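Note that the chains are named A, B and C in the order they appear, and that numbering of residues resets to 1 at the start of each chain.
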């Protein structure tokens, strides 16, 4: 009997099934430092204990996307090892900060299944939750992927397509306990622009570009204990290229968005997202954002801003997104929709 | 007078000589995070404080091979700066876990000397011990290397060849204090296979491959404060290649072996090892294992498994090892023999 | 209105102006580990808590140059985003150790301005201070850069050229509180050479070389939150090269100088420095040093040594520096002048 993990195939999933993912992980100052070495992350709240304390938190939490990658990475061996495509995200919410020293584990529930008409694959929807050592949820999100069938002759399951929200409602955003931006220091944070300065529909070209190296995306992807072969093995594809973990592009684009959105301090919801085109080493990643919505929150001095974040390969000028055919332009890598918290 | 270190030559060693190696090192969460970024390490005991606590330990120890590399690195300026070849390991035992915050230093005793018949070099055997800040030994192993003579005319020392065990006896394995696998969570650990599921002679192809980059092996080797020029200086060899530290291949192969040996949680002995062929950036490393032996230990729920770990460049399918001439095949990088602890 | 940071131009500076730089940063064990992975740093005081305690300190401080890079990085968006050249350093002093867990911020005062005769740019002198979370200064230095004008027609400011010391006077060196080298362990530190063994005028070829990779210098530069585009964006220059942050070369050369200067434990002053030629990935960096001066300090067992540190691309043999025309040779990357502390 083979002892290695073949991954799950489409017919291995059942609606309602709960999967406890392997390998809990204690995350600490080392992960934070690596995150800041891998991405040009500068948002002050996740950079400085003092800034965090002045904002009502005990200390500086680990970066929101670091938490996402750790939770996500654990799901790969169970959810996407035989995935053909990562199709989408929805209803993502950060539920509590992750602090240095916390131990994170993940579990997923299958919430939808739909076999493709070709009978060779199907779409699996899972709702994943990250939990800390006190079994407190720190993050949840829905992801759906296209997964191969082991046996094309296996009968199709009953189709269940979950009803997912187009965006997290402002009232459902969870604000970290104690967060207070009334004494916010805009000079230390790096930019003067407050929540009131951003208009729905406004677009920002973040200008800066970073050329990506193989070593970097592999260091990142391993750190999140994401085992997908395509990211590491140059013999896996005919062209000898290693596909870069989509989350590497998300973190790179988010960090680049500091230039223009320095005060969008914390991501609190992931409304949706598409990895529009694959990213490879040698690509120079740029980013632009569009303000999609704004909302008040109950927390003192804290507003919420809904942003589209687009990562491109090459130019970000001109806000490239889709062609006349409605399809993503070839230079678009990522189209992400999230809520962040900002000082009023 | 030159102030730089020329390294020791063969005639500088005397049997019985004790060398206190330089530069003690405090290791902490940063080293752990880097270890997990450099290798796809997923063994739960060295990943999660909670998992370690459920296994009777205070918290998650630093990875066993991280401890090995730190101890080993310190010996390089004194033992292998003028080495022609790293010939073997024996009688390696991990004696106590290394915890974040511990300070490690190394010392070696020369236990054997044998001049080569050409008179230009000789073999030096050293027994190296790593010690923590309480002068408690954390690791010991024997290594032998071929070292150049400064002066070919220097007289040969009396030949002393130490009598080394072919493998550490099960009764000599040191189990970390408190270790208890009776409540082991196989689901969280990532695989259902327990000690009893492995048969002596069984071989496992770990399947996954990782293509290695220059930046990665240099980051690793520097982190262990290993100063051997061949790893860093592309002008050192005529072909412009940097030789990858053999320990980088050991850690990569061990991490890859998670897929099939996820429950071989801790390495406790190094019986032997050969760096069969040099590894260079661009190589895609794979691994396979063979079960060599099994033993019980006194610790609750804890079994010992003796494994051969073979790293290859390219395919691991077919379990490549040696040719008909008894020599390692050119695609074999490493042949390691170790004992690990596993839940019964 | 554009929300991104265009950087300051020459006419935006006023003598006396104080700039509080953005994004304070908590530095900890993660940054230390990364520093030791990026550079072959082995000076014992910044490697081992035990060695530091035996030298009268609480624990091992973060590397002196790590502190420099963190303080420096924050100034880039305000001082050198539109800089044409980094012209020099002076009067640099480390004022207190930076400990893991400290939060560092930076502020600069403009102390000199001189428009160039072409009217298109000018020189800006700033005195930068790094402060910890108790508002205690940890580092100060003067730097001057050539900055473009936004508008060539803008009137020239009154010329103010600060009067800067050629070197920090020995009496102005700040010795870390409690530092005591009377019980110094030369064997653990790695070399037997004490302060009295070095003669003014003596030169040391540090021999070892390190070939630099793109991934490494970008990891480093991002970790210091240095945002200068030229370091990250391969599309920024016509030749597709990324210019390596000068501080990466400083740290590499300083770490290489361990071989011959293992006991020059802590840098306490930066007298001057020139980035003689740009460094690119693929360059093999070597280093040599010259003893420029020696001084006693009040601290027990502690001497000060003033060193020239020269980094080269390729050979360090023969101590390459300047040609007959008085200009730096093309293989010279760095010419640095600093004070370090050494056991008497």
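Operating definition for what follows: a contact is a pair of C-beta atoms (placed from the backbone, for glycine too) under 8 Å apart; a residue touches a chain by one contact, two chains touch by 3 or more.
Values in this document were obtained by computation on a predicted structure and should not be read as measured data.
Comparing the contact residues of chain A and chain B by number shows a mostly separate set, under half of all numbers used being common to the two copies. Rotating chain B by 120 degrees superposes its CA atoms on those of chain C, with the angle stated to the nearest 5. Centre-to-centre, using mean CA coordinates, chain A is 36 Å away from chain B. Chain contacts: chain B has residues 28-31, 33-34, 213-216 touching two or more partner chains. Here chain A touches chain C in the complex through residues 28-34, 36-42, 44, 47-51, 59-60, 187-191, 193, 197, 204-211, 213-216, 259-262, 282, 284, 314, going by the rule given at the top. Within the complex formed with chain A, the residues of chain C that make contact are 2-5, 20, 22-26, 28-31, 33-34, 77, 100-101, 103, 105, 133, 213-215, 218-220, 222-223, 225, 227, 229, 232-236, 242.
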